[in-house]
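All remarks here apply to the structure that follows.
Order of writing sets the labels: A, B, C and D. Residues in every chain begin at 1.
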């Protein structure tokens, strides 16, 4: 069923950072420096999605060098920091990567994420997202932001596409190609 | 009903920092430097309050450059660090901003906040505040300090003033004026 | 009843640090630097105990500049870092301060704290202490280490001595002498 | 019963780091520096295992100076960072230390740990491990990663070997040899 939004149509996952990849803490060390806390299993999830041909992009209204490092480490296809409008930024990312909104899964946790979430194929939100955002999410995750929410959505996506079990078996077998993930 | 304390009369929100904007952790890096952990959704709450014409001030008995940065980032109208007496500091802030105690909502979590809380229009406390402080709070919040307590009180204030739903709809519509918040 | 161990006899509170004043996290920034996370309400508890004439000392088997700063900030009477034997260190502290074990309240969370806990007037442990340590504690606290355990024990001590309510009333009154705590 | 896998046969504990010794947070300070949060009671557990003649090794696919410091502090026998394949790395560690897989207890939390866990004598996983990893673990721990999971498995191992109670009594007695742990 081409054109029908669903797990099999997704080509790109776009995620907010603070509150989705993190627990929403803004951590300052003195006046100048910023600390960011990510989740190691979210990182593996990025790698698993990519292995299945799904790209991962990040859009955030904030800016931090720590996030730039994490994004580079994980091979994030587009990192957009300092986004004034997440909807407009999403439109630019979609155009650049030549994907339509029907091929995008978007994860967000707060009001500025509402506009993109209401327009993509699948919207997902951590369990501790703002109530209005949870209402707008087709996928209401069981995990909190920074505590596996992104991992959970990738696992759900790959399960619905029938790709998860094969990945697990590759890990269990200890095959080198699995380990390089 | 002019002079009657209530949500519609509030012109200024004054908040303690440690235990309200944070979870109460005092974080030292070696002898010299201090880390502070804020909440991204509390930050949006400040912006939403300001958009509705309500200023936000902070009074704390401690002093840290990290807080100065966060306050500047959010457009905090008055940041008073190193306050020996929170009640006296609140009196000075009120006088400077030309607001009365009947127009102030004060949020605190521990015994030094008791004196101001007993004298303002609305006193609020996070769910993990000291018992005596919770007793003194008209608004006993469901969220813990640093985990959305400040966001919750702003949302409650704006709901009681009938301004919350409009803000949500602006976000959902993706209107630029909403995104710039 | 002189000589009977109890709240009214306590002249000194001695506490372990990691797992009592903190949640037990050992935080390293690279090879060289260490971060420590304390609790702002534990800090006020130290000040309240001191105001009631009870000194506070710390004994820890570890060493960090961050702890030295926090101890100095709070007026800790004795800070003993790098203690090989907590019992022997406690004996040295008691001798120096001229207090007997019957006048000491000791708070600990793990096996190295057992020996001092079994010998002082009152032993206290956070709710997440090792089971053997909780067994040895007369005061089994409801709070976890780093999340108010030390504050809880000071409050319990001052309540049993009949001094807590007066302190709260001073704070509520906004009297300068209360604020300077 | 030589050759039968079990607690009495274990000569080496091998553990993953992120998600077992930590809660899985990857913490960046700006572009360059990394923070790691360990658990003080896990540290004592390493010392207790060593005292009972059981070595502790760490295998991780990541690399951080903070971990190198913690491993050195605790006398970790082998620290393997940047491991592409945990199974192959485990084979190398076992060969170097002249232990067989029947003498190894392995603790892991995520899919890359599956291959070693399926091949050693005893596999353990924190309560918040990935479901597939928990399924593969003979010892499903009650503690979460970074919150005492490693301590719990060492205590269980030493209890099954009948060595735990003696250690506790040494601590209670305040014997110097106990304190030097």
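Here is the rule we go by: a contact is a pair of C-beta atoms (placed from the backbone, for glycine too) under 8 Å apart; a residue touches a chain by one contact, two chains touch by 3 or more.
Keep in mind it's a predicted model, so treat the numbers as computed, not measured.
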- prompt: What's the call on subunit A versus subunit B, same or different interface residues, using the half cut on shared numbers?
  reply: different
Query: Comparing centres built from CA atoms, which chain ends up most distant from subunit C?
result: A
- line: subunit A and subunit C have mean C-alpha positions lying a whole-number Å distance apart equal to 44
Task: Return the distance between the CA-based centres of subunit B and subunit C, expressed in whole Å.
output: 31
- request: Hunt down the residues of subunit D that sit against at least two other chains at once, touch-wise.
  value: 29, 35
- request: Specify the contact topology among the chains shown, as one of line, ring, star, complete or other.
  value: ring
Query: Can you list the subunit C residues touching subunit B in their complex?
result: 29, 33-41, 43-44, 64-66, 68-70, 146, 167-168, 171-174, 176, 178-181
Message: Per the contact definition, I'd like the list of subunit A residues that touch subunit B in the complex.
response: 18-19, 24-31, 35, 62, 84-88, 109-112, 114-116, 118, 130, 132, 136
